[in-house]
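Letters A, B, C and D name the chains as they come in the text, with residue numbers starting at 1 for each one.
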Amino acid sequence: MDFSTSDLKHLFVRLAARMSTERDALCALDGVIGDGDHGIAMEQGMKAAADQIQSLDGSLQDVFNAAAKGFLNAVGASSGPLYATGFLRAGKAVGPRLAMPKDDLRLVIVAIRDGIQHRGKAEPGQKTMIDAWHPAAEAAAAGATPTSILAAAKDGMEATKPMLATLGRASRLGERVIGHADPGSVSAVMIIEEITLEMAH
Amino acid sequence: MALTQKLINEGNATVDEMLDGILAVHSDTLWRPSHAPRAVIAKHGPRSGKVALIIGGGSGHEPTFIGFVGKGLADGVAVGNVFASPPPQPAVDAALAANGGAGVLFMYGNYAGDVMNFDMAMDMLEMEGVEARTVLTTDDIASSPDISKRRGVAGNVFIFKAAGAAADLMMPIDEVERIARHANARTYTMGVALSSCSLPQTRQPSFDLPAGEMEIGMGIHGEPGVRRGPLRTANEVTDEILDTILKEMNAPKGARVAVLVNSLGATPLMELYILYKRVAERLAEAGLEIHSSLVGPYCTSLDMAGASITIMHLDDELIPLIDHPCDCAMFRQG
Amino acid sequence: MALTQKLINEGNATVDEMLDGILAVHSDTLWRPSHAPRAVIAKHGPRSGKVALIIGGGSGHEPTFIGFVGKGLADGVAVGNVFASPPPQPAVDAALAANGGAGVLFMYGNYAGDVMNFDMAMDMLEMEGVEARTVLTTDDIASSPDISKRRGVAGNVFIFKAAGAAADLMMPIDEVERIARHANARTYTMGVALSSCSLPQTRQPSFDLPAGEMEIGMGIHGEPGVRRGPLRTANEVTDEILDTILKEMNAPKGARVAVLVNSLGATPLMELYILYKRVAERLAEAGLEIHSSLVGPYCTSLDMAGASITIMHLDDELIPLIDHPCDCAMFRQG
Amino acid sequence: MDFSTSDLKHLFVRLAARMSTERDALCALDGVIGDGDHGIAMEQGMKAAADQIQSLDGSLQDVFNAAAKGFLNAVGASSGPLYATGFLRAGKAVGPRLAMPKDDLRLVIVAIRDGIQHRGKAEPGQKTMIDAWHPAAEAAAAGATPTSILAAAKDGMEATKPMLATLGRASRLGERVIGHADPGSVSAVMIIEEITLEMAH
């Protein structure tokens, strides 16, 4: 089955809707160990990405590039550069095609992880969104099923709870962050869930 | 849960509406390029041959950052969403609009998001052939034992001021950068929060703070402090903060300092001056001389109750820079 | 009940400790006679042949009143307990210390307690052979339909400023008094409160305000407003206030005004500038021209959340007085 | 039985203690229709009055004069000038004696009322402390028993509840003050109670 630019546009619309629904829950999580705005960043970022691409005429890469720009310019924050770089990498990975096999969404997951790591220099184990993106990308690269990719992301997110943070705002809180999930890893699971649902369709 | 009480319209519109208001009030000193609504420039500061000082960060800290744009201090600001670093574009826009051909210095608090966005802005400027450098502020001594990991908080006012004065005196970019680092290295802040704050979109407290407790070492974004303890008297709070700062600063008797007693938003002047009285007593006991002082809301955290104390350890180089006149939208001196 | 969270020491000591702090910070512009700890005098304002402008009132409104003492504005202030008129003695002490032989003008907000105490001060001064007069401020249009019964609130800033400028220009006492009355008659304020405030001694909310409600026409002492209603958006609140002010002011198109958007304490700048944006829109619609504006905490009510809007209807006489430079502890211009 | 300067000093000590006990209750009453500080004014005023006179060597009039000055200078507010003028009038009424018959405390009640009215120009029915002081003074002047004087004060205070206010801060609240006692009349009843207890001793 093919995944077209119009499918990609729909994916961003669903991501925007999902983040809007989860906004306050993500903010509450970020309030515990960060500054309480992660839900707002993700809602505004995905909405701007979706808005930016709706009337765009171009390839999958063009759509990802425009989404990156829309997300970044609407948000800034930490999430902005991280997801913008992830989307740019995803665009590069899928290339200037108008459609691709659905299974190539694996490449998207891997590329987003790569972009986030390129920008943020995080390694797994530092209590960031990378703790969800990295195991998901590893599973995707190894040919795992969509369900297993999502499960890997969820396990990675769960594993952030007992971690100390060594990057980002939470790193200054020492032991106080133990027991709380990293909000960026929670929203990452949601994004990965929407992508893997596409793959399984 | 009940929404916290705010005088706002749509939650997502607060920053842009605030900027409209600020530009309307301060049209004599501020302007913004028509294509760049989140880049605000000093009307009288930038000029040919002068290093452009561009500051920035999230909104919700007013008068930080935008209030310190003006002749003698910052040339421009990139304005982010509430508690969110601005994206690279407004930083680039501000830099280009204020560029005097002598280089651009970005200064902002040390937060992961700001570092990523301003680094992207530096890359973009490089492609335009404009030399840009960065000095991060790290004055919040409670935020980490490792200085390079510390946050920038209210001490920004003094640190930006020193760098802005150096730029206004037409010093070359190497000098302005050196002074900015020097000012940052000698500035020490610590704060306490007496209440949470809430974002305009959620209007819920970012964290719970039970009555009778305070957060010690709180950041300016509502990030929880390094520890929580019972609310103490003004004198006890001041003593704890000053014990920490004086130990870290380790200044010899006779050293001169600048003092900032800052409200995090909801704490009124009455309480700040009570804190100041104790600060002055403690500094006198320590044999330090207060050269100048600021008391008021200089770096806030939305509607948070609480206060921070900043001490800048002055020297012969910093004193004329701290005394240098400036004429900003929300901060004037000289 | 849990105590409200404040950074203070002993509740009864707040005013004196605050004054110690203020005098320590602002020793370049303020002093107080050693026998009169609640009378604070401008160092550079009072001089021979000049009418002495003495303002005063309760504490808890900072920067009102003490913050407006300085060259070009008030010559001295009598400082009361929190929300309590000062007794006559500090008013007499301030008047005698600032007296330049050209008469004394007392200005303060129209509250029963202040009137009784300052009237006693006038009697005491008369016995000393010093001519004293009084102009009450009555800018709070929500407080009564009868102008003589209205309270003085944030509009004080403009009214005191006009009178202080007239005195600084060495006008005789008849002129200064006339201008003070003229300024008061053309100044209109209305405010809303979003939370109660609490006194340092009780640390309990002075009144209950349920979430989702606001007090409309609230005074600056936590006196309940004229009515209570659901909390509205910034634009709706501004519209209600401006509808009331514009009707009462009844200024012709083309008239020039000064605007003050004031925080009652806990409301941050972000919200004030959002209100200002709407004020500017509404005034433009009404064909009025904004000559100058102030935005910030100018007349507060301890830790109360809320804001007030003041419009002064300027004329050729008031404009140069409002523009006149002043150099006060907490308010500088020009 | 005689009432000496030392009795008068003790009376002020008891008044100071009483106001200290009732401080928060009086503040709460003032919060409803005023600015919430009446208890603080009365506590600080009576304490300053008591402190000022303790080591004073002089007549009853001297003690009242010093109490007036102490109260006024510590308090200001509305209560300061009102009670200071009341105490000055009381001093004038009892004169430069070292002691007086206890029954002359009637003169004190009448004189305090006169002083408060002289200073504040209030008439009964305006929802002020005069609504307690006036009926008490009328009863005292008519030779009523201490119990009846106190009862008159209490009735006067109760009568403030349904009143509209026409003087002082509360006058701006219109109908909203209806149902609430005037805080100044409540503290007046306490003062009158302490004085009538002295008379009855």
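By definition in this document, contacts are C-beta pairs under 8 Å (C-beta built on N, C-alpha and C of every residue); 3 or more make two chains touch, one makes a residue touch a chain.
Just so it is clear, the model here is predicted, and its values are computed rather than measured.
Q: Any idea how many Å lie between the Cα centroids of subunit B and subunit C?
A: Distance between chain centres: 29 Å.
Q: How big is the gap, in whole Å, between where the Cα atoms of subunit A centre and where those of subunit D centre?
A: 72
Q: In whole angstrom, how far does the Cα centroid of subunit A sit from the Cα centroid of subunit B?
A: Measuring from centre to centre gives 31 Å for this pair.
Q: Can you list every residue of subunit C that touches 2 or more other chains, as numbers and ranges?
A: Within subunit C, no residue touches at least two other chains.
Q: For subunit D, write out the residues touching at least two other chains, lowest number first.
A: Not one residue in subunit D touches at least two other chains.
Q: Line, ring, star, complete or other: which one describes how these chains touch?
A: line
Q: Could you list each pair of chains that touch one another?
A: Taking the chains two at a time, the touching pairs are A-B, B-C, C-D.
Q: Where on subunit C is subunit B touching in the complex?
A: Spelled out, the residues of subunit C in touch with subunit B are 2-3, 5-9, 14, 17-22, 24-25, 59-60, 62-63, 67, 192, 194-195, 200, 211-212, 214, 231, 233-235, 237, 265-277, 280, 293, 295-297, 300, 302-303, 305-307, 330, 332.
Q: What residues of subunit C sit close enough to touch subunit D in their complex?
A: 12, 58, 80-89, 111-113, 116-117, 120, 143-144, 149, 151, 196, 198-199, 201-202, 204-207, 219, 221-224, 226-227
Q: State the interface residues of subunit D toward subunit C in the complex, per the touch definition above.
A: 23-24, 27-28, 31-37, 39-41, 44, 72-82, 119-120, 167-174, 176
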